[in-house]
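Take a look at the structure below.
Order as written gives the chain letters A, B, C and D; numbering starts at 1 within each chain.
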Amino acid sequence: MNVELSRQISELRESVARLHGELTRYGLVAWTAGNVSARVPGHDLMVIKPSGVDYDDLSADNMVLCDLDGMPVEGELSPSSDTAAHAYVYRAMPEVGGVVHTHSTYATAWAARGESIPCHLTAQADEFGGEIPVGPFALIGGDDIGKGIVSTLTGHRSPAVLMRNHGVFTIGRTARAAVKAAVMCEDVARTAHLTRALGQPVPMAQADIDALYDRYQNVYGQRSSPPANS
Amino acid sequence: MNVELSRQISELRESVARLHGELTRYGLVAWTAGNVSARVPGHDLMVIKPSGVDYDDLSADNMVLCDLDGMPVEGELSPSSDTAAHAYVYRAMPEVGGVVHTHSTYATAWAARGESIPCHLTAQADEFGGEIPVGPFALIGGDDIGKGIVSTLTGHRSPAVLMRNHGVFTIGRTARAAVKAAVMCEDVARTAHLTRALGQPVPMAQADIDALYDRYQNVYGQRSSPPANS
Amino acid sequence: MNVELSRQISELRESVARLHGELTRYGLVAWTAGNVSARVPGHDLMVIKPSGVDYDDLSADNMVLCDLDGMPVEGELSPSSDTAAHAYVYRAMPEVGGVVHTHSTYATAWAARGESIPCHLTAQADEFGGEIPVGPFALIGGDDIGKGIVSTLTGHRSPAVLMRNHGVFTIGRTARAAVKAAVMCEDVARTAHLTRALGQPVPMAQADIDALYDRYQNVYGQRSSPPANS
Amino acid sequence: MNVELSRQISELRESVARLHGELTRYGLVAWTAGNVSARVPGHDLMVIKPSGVDYDDLSADNMVLCDLDGMPVEGELSPSSDTAAHAYVYRAMPEVGGVVHTHSTYATAWAARGESIPCHLTAQADEFGGEIPVGPFALIGGDDIGKGIVSTLTGHRSPAVLMRNHGVFTIGRTARAAVKAAVMCEDVARTAHLTRALGQPVPMAQADIDALYDRYQNVYGQRSSPPANS
């Protein structure tokens, strides 16, 4: 392994370990049930959480380096039991640099009812460009979850999918963008839940949703920084 | 820039940066979606959060100094994407010294339904003097949000407006007062939601609401301190 | 003031300041809207939170010593705007050593509907001995709130009253016991809310409620410690 | 007492004290109302929380060592008032190494309605293998609670039981496994509540639940670590 690749992997191990702290900060995960991964750009490799390890105990050192079939290529820890799904997404969607999985409460309740989250909030239009869609029910252990994610999100504006009776998967150009999508998915799922609990939202015009999405993807954030979703 | 103005701006940078900590402490914001600003008293200037920067990374140094058209006058960071709305409020309402924007969950659910929050709590009578009103739907990017805030709050007791399908804007004589209004707005929105979820509140007499509002604005807090809303 | 009384007051200042930390820890209060007081045993004196001061800034030094008419007898800070209600309780109920006031969310929602919380949980039977009652609506500024608390709680097992359209007052033999009652009041109000949100609770037999209450008041906790409620 | 047993007990005191921190971290307990115990493997002994002691004040030293009739065999503190229930479980279920009791809010609301939590989530299938059952109402003070736990959980996949009008008891091969079950029980109770609040969940096939349960019990986590539930 050359020096540049080693450095790249070291940085991603550090960043993926640290990003799990956002999942706990926003209360998106209980016990060990949620994970973040990042593609190693330009290589058929990814860095992902080890299986069943406490969030408090995560560090750059115990992140697992896998190939894009989900097989560990370094170290002794088993990768997350969701590794096959992450790997499938990286194989099928070359523009994706990060994947996140959670069972965040409000979003998962929509997933359990098999309902997509309709767009009635400017914050949802900004980040998701419209509804957050439902993906199929799929068993863990093969490529079914990965296929369900990819078939739902391909050609869709939303970086988040609600996998039926299961939970949330989000994608992004970077792991940080995917984590942001997971945080915002739960935030809008919660607001949408509360809205509906006492009545019906006022509809938003499709043209307004389009205008908000376009602006947010192109204007928000610092010009000198990576793009909005990073 | 003279010494006195420099000192004033330094203090406001410090205070505005720190006040964002109240937004996270009370769970009013997710990721970077909320902002605080303060007018520089006696000058056509304001201090506001930079766009898309994490709350953990805010400091006096990265706050952005803008004129009251929302144009940065110092530094290299872009100001919050909501700067135009803040600036419009300062231009139109000279008594306002601070503005806050959040998408706090319960308040935003009322906003998504286009429903004002009726006053059935002494705490709401104290701080808001009655209902918390709904403002119009408005797209970001021009003066529409600012106009909606100003037209709704002018002549209204409430320092908070629920912008339809969007979120909350609050005003105050100081940034701290506007932050307090944002905290109390979510608090009463949550209690009002839960009240309605299982039935109907007992109505309060208008005379009682008036008496509570009058007393709170004039008596609460320390005599030697700034007025109640500060 | 003799040495023994000075020592007693110092300890109560310390303990009352610190007990406010339990109100924030359990999320019972927003901004400065909640307060704890303690009677100085054997004297017509009480120690209470200053008005409008942040919870982060409370210390033994800024607690306010008042007589039982609610008038400050030391220092320059104004006491809590709820001091008259606390003082009335101490004058009317000699067995009470501590009083707490909050607007905790779920309990206040029951108060806004004017509904007492029926007893369907062993934890409520333990601490409250049955339902948590509703008190009258009363304006701040005289003895009306104090009278409402005392008339509702006199001869009642519950150490908590839901003041209509307002919030919670709790009493205890010590300030710590009153804080515990405030914490448990919100806890059972929340569980009772969620229970009712999806259906009806299974009724509990009065004899079971009585047995639980009797046991908890007499057996729970450490024998060598103060009684259960302390 | 021999050296090996002393060491074993010391480690369990440390671990049981520390595991209470997970109950507070996940908000499963208010004030002192929840407890963890561990069996001393190979001996008729258990380690359990002292009664009425604050979670902040727990340490290895104040944990109480009891025999399996629930009688303290060391030290001066009284054990948890729920000790009899823990002890009954250890006597009746030799495979159980840890027991946890909480009144966690959402799970207790299901218990107050006397409703088991049906399985509509992959996370529930993983950990509980199907529904989380309701146990009988039982008064504290004898063996009734213990009998209710054992009769409900014997031969059941679920490590958690919702004791009617009371709260949650969970079991595990270790205290840590029982704590995990308590955390996941509240997590699925909350998601199931929110799911039902706005409609009905999509049913899951029994074969899918069986496949998920089987896989999670046998594959999840690190091969070199204790089994999944540890």
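One rule holds in what follows: a residue touches a chain if its C-beta (ideal position, glycine included) is under 8 Å from a C-beta of that chain, and two chains touch if they have at least 3 such contacts.
Small disclaimer: the values here were computed from a predicted structure and weren't measured.
Shared contacts of chain B and chain C, meaning chains that touch the two of them, come down to nothing at all. Under half of the residue numbers at the chain A-chain D interface are used by both copies of the sequence. Of all chains, C has its CA centroid at the greatest distance from the CA centroid of chain A. In whole angstrom, the spacing between the mean C-alpha positions of chain A and chain C is 45. With centres taken as mean Cα positions, chain D sits 32 Å from chain C.
Annotation for chain B: residues 197 touch two or more other chains. Under the stated contact rule, the graph of chain-to-chain touches is a ring, a single cycle where every chain has exactly two partners.
Two chains count as a pair here when they touch; such pairs are A-B, A-D, B-C, C-D. Listing the residues of chain C that touch chain D in their complex gives 26, 120-123, 180, 183-184, 186-187, 190-192, 194-195, 197-202, 204, 208, 211-212, 215, 219-225, 228.
On the side of chain D, the complex with chain C involves touching residues 30-31, 33, 50-53, 76-78, 81, 103, 105-106, 108-109, 112-115, 137, 139-141, 164-167, 193, 196-197.
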